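What follows is a set of structures for review.
Both of the next two complexes hold chain A, though its partner changes from chain B to chain C.
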Partner chain A sequence: MSEPLLRVENLRTQFGRRDPLVAVDGISYDLRAGETLGIVGESGAGKSVSVRSLVGLIDDGEVAGSVEWRGEELVGAKPRELRAVRGSGIGMVFQNAEAAFDPIETVGRQIVEAVRANRDLSKRDARTEAIDLLEEVGIGDPAGRFDDYPHEYSGGMAQRAGIAMALAGEPDLLIADEPTTGLDVSVQAGIVDLFRDLVAERDMSLLLISHDLGVVSQLCERIMVMYAGRIVERGSRKQLLDSPRHPYTGAFLRSVPDVDVRKDLEPIGGSPPSLDDPPAGCRFHPRCPAAEAGVCDGAAPPTVSFEDGGEDAERHEATCHGYTDAHPGGDAFDREAVEWIEPADGAERGER
Partner chain B sequence: MVSRLQAFLIRRLLWALPVLALVSVAIFGLIRLVPGDPAIVMLGADAPPAQLAAVRAELGLDEPLPVQYVDYVADAVRGDLGRSYVDDREVSAAIASRLPTTLFLTAAGFLVSLTIAIPAGLLSATNRGEWLDGVGLGFGLLGVSVPNFWLGVVLLLLFGVTLDWLPVAGYVSPLEDPVAGIRYLLLPGITLGTAMAAVVTRMLRSELLEELRREYLNAVRMKGVGELRVLTHATKNAFIPVVTVIGMQFGYLLGGSIVVETVFSIPGMGRLLIDAIQSRDYIMLQGVVLVYTTFFVAVNIVVDGAYFYLNPKLGGER
Partner chain C sequence: MSDPLLSVRDLKRHYPVRSGILKRKRGAVRAVDGVSFDLQAGETLAVVGESGCGKSTLAETVIGLDEPTAGEVLFEGEPLAGTQSGGVLGSLAGGVDKAFRRRVQMVFQDPFSTLNERMSVGRIVAEPLVIHGEREDDRAGYVRELLETVGLDPDRHYDAFPHELSGGQRQRVGIARALALEPDLLVLDEPVSALDVSVRAGILELLRDLQAERGLTYLLISHDVSVVRQVADRVAVMYLGEFVELGDLGDVLDDPAHPYTEALLSSVPRVCAAPDPDDRIRLPGSPPDPSEPPAGCRFHPRCHLRERLDDEDAARCVAEDPALTERDAGGEPRPGGDGRTVACHFRPAAVGITDRNPRE
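Take a look at the complex of A and B:
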């Protein structure tokens, strides 16, 4: 197996010295060339901070742990080293596309700046390249729109232009931070298709952050579920969608609308914990229908591996007390995870 | 086809007309409310009544006020601001001879203030919370608190008298002798520009701090460029609101120049104004104030135009 492009080891990002707010609390994962990985979770779970921490975009917080890009450490790297990785190694697409452009410079000039930062091209050639990029991301009349200002683009077009800007350095990994949030649903579909085409044609890796499981499952082969700064479950798309193992994943799936099936949506009760004073033990236990007093609110939950999904399946892991002997769920929890966490059932089993 | 900028400027110029009309009424009216009879000023208190009446008639002071006002405006539009009651000089000629001096002084204050404010604001914002920021903030507070007449006297005593590096008073036009001209303008320029430097430093610092938090700078960083490029983007954006403040301050510089001209004995419009007040020279006073306000209005138009031009959301730069 090839070396991973990106190896994240015990990444931890905190803000403030006294009473620190730990937004990302020790997450680890690998990403190989050509892979598509999604991170889902509610707002405030630390998804966005976790990817910004990879490329040194956290300036008022502290990042600890290790982030290796092609074997080179990025945590604590010098500005020059980060510059070398940004753009040509890792490109980033931001949530609010219009806000990701300098409002007083034309879209074209900003893409030219990105092209020239990474490739030794004359101004004229960079302009041609920028127009080609705008065309590649589906901007109609790219030469005509080159000299428009960001506010003259619609939301969907601005996001396409933002993607063009991220592609200008021909990155090996594209990080997309909630790229479809705030766009109309019909526009979202176009952006999702664009990402799919780009990943295939450019042979890029994709790290996609979204609270929208639909978007993530359309684009990513592997999915990680993040809750309150930690990864609670990871596996292939199929494993997570078909047999979620963490009660939070199950609840998250049931809270997502589905176009094909008419079903009752179930919002997750309660709200995500505040990260400056997270609950002890499993951070989901105050909202978990299967929580067991004395177990789930005590020690940090163990990470359990599952064998499912056939031969070449991904590692499927959940970080939950429910699969241990201490929890009365035991084997039943393991076998019938989805049913187990149905609220009606949970009310009965999760005596608290 | 007029561009949006041209349309804006035309609209703005048309707006300036009622402003100037109002200003002229105010100047005309206020000066006539001040006690003192110009005829007595010219002839002395013990002049015979018949002579006084003759002088009043010659000056048009026996006409009703509206007639006097219409005459005054009609003459002013033609560039004729009348003749001094005191020494019979043509007011427009007197102003024309003094105006370049005041403009040079104002320009010196302007240059000094931006030379200080731009680096100070940038360094202060980019070193937030560190000692350099403290220096910038301290200057921002001190600069606006120190009255310019006091600062002028202190600078004059220190550099003019104690150290004897620079001339203490007077003026040489930089057009005639650039080196001497600059030597004469240095202390007055610093005196005049300090308050504006302080205001612009504070404004630039806060605007830049605001701008440095914006998301698009992360997008710029992710292109793989250096922090200098990032700062350039932020500074250009921060400057748009600062330009407005700079323009407004330019108007205050004109006001400040009156004091500074007095402190440094510079023969500019400010001295002309003070002399006219002291000798009750209405006509001269009227003319000088009118020229000051016209400049103020003109500067405002230029500033608004610059703001419009710099901000693409208003349809300017292309």
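Take a look at the complex of A and C:
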């Protein structure tokens, strides 16, 4: 297997020194060329901070651990180096697309600038390239819209222009942070289509952050579930949706209202914890239907691997006490399906 | 059938567009442009549509937060002042209106912005009682009861302030407050849109339980079809100020007749282990400017059905505004006979299009 494009090891981001708020608490993952990976979770799970931490977009916090981009360490890299990576290797798309643009400069000129910052093109060629980019992202009459200001674009158009800007440096990885949140559903569907086409045509990797499991499942072949700063489960889209192993993933799936069927709604009791004082042990235990006193509220849970989905399947892991001998089990688990149990590195770190 | 609790008759709300130094009226944004419906006691009607379709203006106009440009709102058969037969001044005195204001309450999208941050939960919930001079004897006890009804713990939450509560708890406070005067009708304007999905289900469940226990009537305003699916009995689909389809939940969502309903449903990203990108109707362009709606059928510039019509039929979509009716173009009842009304010249009869459900 080829070297990963991006290798994240024990990433930890905290804000404030005296009473630190640990927004991202030791997450690790790899992303290979051409892969689509989604991070799903609720507000405060740390999804957005976790991707901003990758590329030096955390202003007032401290990032620890390791982020290797094509073998080059980004944690502790100089701002100039990080800017270069953000400009060419990694493109970023945010929820509020209009904020990506300077309001007093035309959209076209800003994209030209982004193109020229990363590629040695004449002004004229850069303009042609910018118009091509606008066309590629589905802006009708791109030459005509070139001289419009950001506020003259509708929400969906602004998001498309934001994507064009992210593509200006011909990135190998596109990081999209809630790119369709706040958009109307018909507009959102168009943006989802656009991401799908771009990934296929440009052979780009996609790291997508969203609270919307529908959007993530439409675009990403691998999915990680984050809860209170940690990854609680990861696997292929199919593994995660068809046989969720972590009680939070299962409960999250059951709480999503289905557009096609009316069903009994099963909310998760309580609310996501506040990260300035997270629960001990498994952070989900206060809301977990299978929580066991003395087990789940004690040590950090181990990471358990599952073999499902055949030989070529992704690794499927859940970080949960429920599969260990200390836990009596219960309805929330199908323990029979566990092929082998091995505490992963994450668990050892958690127990330090 | 008994009188509907609420009837809305050809309601319009236009906002003038002014420009130039003299602020001359140049036109109007037709936010709500001729909407009619009946709401029976105990049922939930959902109005669903995308931003700018006029659904929130409709809710505000119906409950009197905004004044209609034309049309009428009847509560238990009595016209409300402020609508056609009354006038603004009438609304201050009219008996119907006073009763109406107590019996109709609103739950807003963002509990964060609608709750006074300096007031304790107990005072927030009691405020409508104070305004109407109700329950002076045991206000605190009644408020504690209400908190319990909405799933809060009176001992913990009565003296709490909004910033100490989670989003879901704040929305529960908003609902408790709306229940304080024991209304018959709750207008729910995007009640769960600001909430995390795991919390959202709890609020929807609470709304369902309250309706069952108290026989409440709901007018639900939402952009989210999956929320509508979970709580509504009937659905109205709104596009550019007009209803384009109105009918029972199952009829409209399982077998959409209007091409816009079909495209809207098809656009919702489903949680799916093996997504099929081709299995979707694309809605081109964006909603047109409501101050200059397209001629004829307002949806025609974006309609996927129109592309398949012959020239003569396609011209009709531009020339003639389709009425919201149970009958099709030829005056025949639409297939199904389910009482659903649709504003389309051709769907589903007449053009022989059979693939009505895009997901099948």
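The criterion applied here is as follows: the second predicted complex is superposed on the first by the 325 of 352 C-alpha atoms of A that agree within 3 Å, B and C clash if a C-alpha of one lies under 4 Å from a C-alpha of the other, contacts with A are read in each partner's own complex, and residues count from 1 in each chain.
One rule holds in what follows: contacts are C-beta pairs under 8 Å (C-beta built on N, C-alpha and C of every residue); 3 or more make two chains touch, one makes a residue touch a chain.
On a predicted model such as this, the values are computed, not experimentally measured, just so you know.
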Chain B and chain C placed together on chain A: clash or fit? fit
Quick check on the superposed pair: does A:P103 touch chain B, chain C, both, or neither? Answer first, second, both or neither. first
**Report entry** First (chain B), second (chain C), both or neither touched by A:A64
**Finding:** neither
Taking the superposition on A as described, I'd like to know which of chain B and chain C A:P272 touches: first, second, both or neither.
second
Across chain A, the partner (chain B or chain C) reaching more residues is C
With the two complexes superposed on chain A, say which partner A:A251 touches: chain B (first), chain C (second), both, or neither.
second
Where does A:D193 make contact in the superposed view: on chain B (first), on chain C (second), on both, or on neither? second
Which partner chains sit in contact with A:L121 here, chain B, chain C, both or neither? Use first/second/both/neither.
neither
Q: Have a look at where A:D242 lands relative to chain B and chain C in the superposition and call it first, second, both or neither.
A: second
After the superposition on A, what does A:L213 contact: first (chain B), second (chain C), both or neither? second
When the two complexes are superposed, chain B comes to within a least CA distance of chain C, in Å, of 7
Going through chain A, the residues touched by chain B and also by chain C turn out to be none
Per the touch rule above, chain B residues touching chain A in the complex are 214-216, 218-227, 229, 233, 236-237, 240, 310-313, 317-318
Within their complex, chain C touches chain A through residues 50-51, 166-169, 196-205, 208, 223-227, 229-230, 249, 253, 263-275, 277, 280, 282-283, 286, 359
Counting only contacts in the complex, chain A reaches chain B at residues 52, 55-57, 79, 83-88, 90-92, 94, 96, 99-105, 113-114, 117-118, 147, 149, 151, 162, 165-166, 168-169
Residue set of chain A touching chain C in the complex reads 42-43, 154, 156-157, 184-190, 192-193, 196, 211-215, 217-218, 237-238, 241-242, 251-253, 255-263, 265-269, 271-272
